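What follows is a pair of complexes built around subunit A, which joins subunit B in one and subunit C in the other.
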Partner chain A sequence: MHNNKKILPFIYLLPTGILLTIFMVIPIIYTFYLSFFDWNLIAPTKDFVGMRNYIEVFTDPVNQKVLMNTFFYIILLLVLNFIVPYVISLIVKFFIKRMQGAYKIIFFIPSLFSLVVGAMIFSWLLNPVSGPVAFLFRESGFVLPNWTNSGGLAIVVICLITNWKVFGYNFILLLTGLGSIPKNIVDATTIDRIPKWRMIWNIVLPMNKSIAIYVLILTIVQGLQYVFTPINVITTGGPYYGSSNVLYHTYLNAFVLYKTGNASALAITTFLIFLVLLYLEIRFVEGRSRYE
Partner chain B sequence: MKTKYFKQFLALVGLALMAVIFAGCSSTSKTSANAVTHITYWHVNAQTQGGATVDELVKEFNKTHKNIKVTAKYNPNMYKGLMQNLQSAQASGKVPDVTQVGWAYDNYFSSNFKYMTSTDAAKKFDGNDKFITDHFTTKTLSFAKDANKKLVGLPYSLSTPVLFVNKDLLKQYNIDVKSLDTWEGVQKAAKSINEQSGKYGLYIQEPGDTWAQQAIMLSNGADIQKNGKAAFASENGEGAYKLYQEMVTDKTALHTPWAQGMDSFVKGDVAMAFTTIAQASHIKKGASFNASAIIAPHFEGHKTTVPVGGSMLAITAQDATQQKAAWEFEKFMFKTSSSVTWSKGTGYLPPTKDALESKEFKDHVSENPMLVPAVNTLDKAIPWTSFPKNGLQAEQAMIDARDKILSGSDISSTLKSAQEKINAQQ
Partner chain C sequence: MNRKKNALWHLPLMIIGIIALLPVVFMISNSFKTLQESYQSILSLIPNKPTTINYTTLNHQVNLARLAWNTFFMATLVTLGKLFTGLLAAYAFRYYQFKHKNLIYLLFVATIFVPFTIVMIPNYLVIAKLNLLNSVIGVALPQLCDATGIMIFLKTMEKIPGSLFDSLKIDDIPNRRIFFNIVLPILKPSIISVGAMFFINSWNEYVWPTLILKDKSSFTLPLALQNYISSEGGTNFPLAMALSSIMIVVPLIIYLIFQRYILNSISNSGLK
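So, the complex of A and B:
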């Protein structure tokens, strides 16, 4: 009996453990190994190049540009996919009494569509020369800027497309979190005549922290993966890498140019940056919430 | 002791699970007893791009060849996607038998994959290479040769760039179609249309390659490569890009990704579009104006020269019986009737001499006059530049140069640095 109890949990974990090892741990180790070589994915020989690939990640101007774009993406995604849905879910929860269910459904519908379809529809809608939006702009005396030629604007449009897709999902998660806050605490603040903004700032936000942190991490990690699709469908990273990010650039290096070494170095660097971000997040954000 | 047994147990279970997982990956197809050879054909034709024609041809082949069974497999994402799949196939040891290879992947394919050259196949299975010399012109065959002059495959889909024009707009703003023979004339016409209507005069395709841009440079007498080294940063190459950049800067030419650019042309917001003939059916279906096509323009004092587009069929089968079956299948695909069916279904030009001259194809052309300039451009076509080493990275360097120049960078230094980058890798 005693023996069984010790072994059983491991056996239960084994299937997941094996899958994780095969599909996550081994590939990451192999990627790390490949990042020291110059290889085109199929040639029988791999040339060892030491740290060259890593040096290139930081010295190559294109890589630098792509890294900067990635931070721009993260900031925009945070605003569009985290702060805006959070504000709106707070408004729906505490300022609007009716139609909560309807908002949930309306906001959620786009997340059912495939992002490829969404990207194609938006690419057509926002075509700067002959799309319907450009037409409306022209009719009202404005000119829709040719966003496909400007890296910054292309990034904004791509983030808006992912926002269309992700918004509803994040909104529902946050709203559900808000719903789980005990009603008696909220009611107590009304009786004590505490202003709503103070109630939200001092009670609701801290109590909803765990959900918010989950959505925050999701926004950054998943958001950067989501933008891959519209980048691939609409701009393919252009103009001149202006709308590319590290994930798309890794893909371009690995599977379009077959520069496996460079791509692996870029992937490992990205992995490390995210690891540091997560560590900081756990250390400072989650750690503190325990004392509150 | 307990922990030791536990570890052994864990290792055993782990191994067993691994075995189960990997067993699923390696199901092999074997030739069945009644001597039917199974081969697979990898292509890139989605249902909207001739996929139905592929199925039709394969079905007919299987019907007429009792001892061979071909299975067609569609690979998404065009030639790039197919190459990616071929790599994983090579890694797992289960490769297709006949494969469509895009011209741009010519050298990459020949130096990294195992294949049988068409010449070897013809000599081994027919005893001579008469089939090849009978059906293809020397020019057409030159498209499919790699840097070592080996015939990697047989040319299958051929395309050339043409200038599509919106005849209604040209008429409205008094542009003579004859003046569009030269790029200088195109620039003038675009300016005139832009000044009178505010519309864009021209769109030049900007996909993930510089095929169209190479055509413009070639038609100004520039070389893309010379003896395996990049050579486009010449006076003529710069001249070609100068006109292109001027047009983008003064907004007479539209600079935007391919799908959006074509959309704008089809909607009538752009008067001319320089793109592949494969777009003809899309334009015919979508445009509400009178659209037509003319031969690719050249610069004054130079002749029209364009790189050929499309793909070849390569034999990737490893086993002798399957190679033989693959060769049979290829020969069927190059029969006149098959080639013409293929051309009708996809919009590509047929690769063989006899198909190009057949009545069936000529009837098809007279029903689709937009094909005429494309057919006439074939003898002005040269192989798509494929550098011997790191060809895909070389193409990317040219794409980067294009995008930089169109965003306003200095032409001379941008082309030079792209050329140096490519040559440093050769």
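So, the complex of A and C:
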């Protein structure tokens, strides 16, 4: 009986454990292994090249461009998918009294739709020649720049598409965090006639820190993966890698150019960046270990 | 004065609401326009002469029933798999003490931070070896567990007092009965909401399926839609919008039915 009790939890963890071992742990190790070889995904032999693939990650001009783009993506995603929803959730929580529920329900609706749908709608809305936004620009005497010709502008459009999808989700997460701040603290500041912005800056933001960091990190980690879909659907990374990021470039190397080793080295590099973020998540969000 | 100030705060919120919904309204409206009309009356939300021509054309060009079935079948497999593995794992974390529990839990959570690019090459090779390319089973197989589910289930289970579980154990009530008669009924709302989210996400999934499904007969709806979008700008938008409108029906219905559950579970996933 006692023995049984010791084995049982592991039996319950077994399905998840097996799946994670086969489809996550071993693949990570294998990708690490592949990153030291020159291979094309098909050939029976792989050539050992040592650190060459990693050196290329940082020296190859296309890779450098893609890394810079990734940095630009992160900044934009942080502003659009973290700061803006945070400000909006503060407004909904502290500055209005009615319709909070309605805003929650409406803002969330785009999260229900595939990013392929979002990419399609926005490539129509923002079509520089025949789209409605270009039409409105023309009517009022402006010209909508042809964003498909410029890597930087294409990145902005791609981030806007993912923002359309994840805005409501992040908004609700942040709003929930604000909801868990004790009401009497907020009330006390109103009685003392402390201005709202000071209450938010000095009390609300520090108290909401852990959930905010959780959303911030999620914004980077998931955001960089979300933008993959609009990149692939609208620009395929162009013009000339201008809108590609590390994840998309990994895919391109692996399944279009068949440079498996380069792709693996890029994937490992991405993973290392994400590990730093994971460390921050554990440090600030999971807090003290859960089961001690 | 105060009321006016309040109305001012509603302005940005309403603009965001419009940005959220207007594209979808445009999409549905355009799906009932002819290609010509979509160019001529670009800003009109109500078609002059509503037509179902895009839907009938679509029906000739692709096998809609097949696409819907592939998507539904894949999403169902993934959802059931994630619910099953997630509930079992959360149960173990909640009611048992074992070695390295904290470390194992953190490892599970850490999987959220693994970029899909690092597993995609080996997983592609495994699915190819198993002869599951061009099969939605091959798409579903690596995705049958999910740390987010475990986190939310665990959170809900923590609301069930541990003493209840201990007394049941002393009475030698078998695990199977505790799980089915006590834990599952209490967890019903989170199972519904987490299940709904899993299903919707899988219904919309694009990246991994594009690697595995190359044959058109194995396509899911997002892949079929991608085929209608051309990066060179020659897209027949009313047609693509008709297919999109069909695609969003299922997530919308799920949301309308389970809206409150879904919004609650997102809240729970963030609270630590």
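FYI, the second predicted complex is superposed on the first by the 264 of 292 C-alpha atoms of A that agree within 3 Å, B and C clash if a C-alpha of one lies under 4 Å from a C-alpha of the other, contacts with A are read in each partner's own complex, and residues count from 1 in each chain.
By our rule, a residue touches a chain if its C-beta (ideal position, glycine included) is under 8 Å from a C-beta of that chain, and two chains touch if they have at least 3 such contacts.
Because the structure is a prediction, the values reported are computed rather than measured.
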item: Simultaneous placement of subunit C and subunit B on subunit A, clash or fit; value: clash
item: Which partner, subunit B or subunit C, touches more subunit A residues; value: C
item: First (subunit B), second (subunit C), both or neither touched by A:Ile55; value: neither
item: Touched partner set for A:Leu275, first subunit B, second subunit C, both or neither; value: second
item: Subunit B versus subunit C as contact partner of A:Ser130, first or second or both or neither; value: both
item: Contacts of A:Ala43 with subunit B and subunit C, given as first, second, both or neither; value: first
item: First, second, both or neither for A:Met24, with subunit B first and subunit C second; value: second
item: Partner chain(s) touched by A:Asn146 [first = subunit B, second = subunit C, both, neither]; value: first
item: First (subunit B), second (subunit C), both or neither touched by A:Phe255; value: both
item: Touching partner for A:Lys6 - first (subunit B), second (subunit C), both, neither; value: both
item: First, second, both or neither for A:Trp164, with subunit B first and subunit C second; value: second
item: Common ground on subunit A, meaning residues reached by subunit C in one complex and by subunit B in the other; value: 6, 10, 15, 22, 41, 123-124, 127, 129-131, 148, 234-236, 238, 255
item: Complex interface listing, subunit A residues touching subunit C; value: 5-6, 8-10, 12-13, 15-16, 19-20, 22-24, 26-28, 30-31, 34, 41, 88, 91-92, 95-97, 99, 103-110, 112-125, 127, 129-132, 135-136, 148, 164, 167-169, 172-173, 176-177, 179-180, 210-211, 214-215, 221, 224-225, 228-229, 232-236, 238, 246-247, 250-251, 254-255, 260, 263-264, 266-268, 270-271, 274-275, 277-278, 281-282, 285-287, 289-292
item: Of all residues in subunit C, those that touch subunit A in their complex; value: 6, 9-10, 12-13, 16-17, 19-21, 23-24, 26-27, 30, 39, 42-43, 84-86, 88-89, 91-93, 95-96, 98, 101-102, 104-106, 108-126, 141-142, 144-145, 150, 175, 200, 203-207, 210-211, 221-222, 225-226, 228-229, 231, 233, 235, 237, 240-241, 244, 247-248, 251-252, 254-255, 259, 262-263, 266-267, 269-272
item: List of subunit B residues in touch with subunit A within their complex; value: 2, 6, 9-10, 13-14, 17-18, 21, 80, 84, 87, 90-91, 108, 112-113, 200, 206, 208, 254-257, 259-260, 263-264, 267-270, 392-393, 396, 400, 403-404, 406-407
item: Contact set on subunit A toward subunit B in their complex; value: 3, 6-7, 10-11, 14-15, 18, 22, 40-43, 62, 123-124, 127-131, 146, 148-149, 234-236, 238-241, 255-259
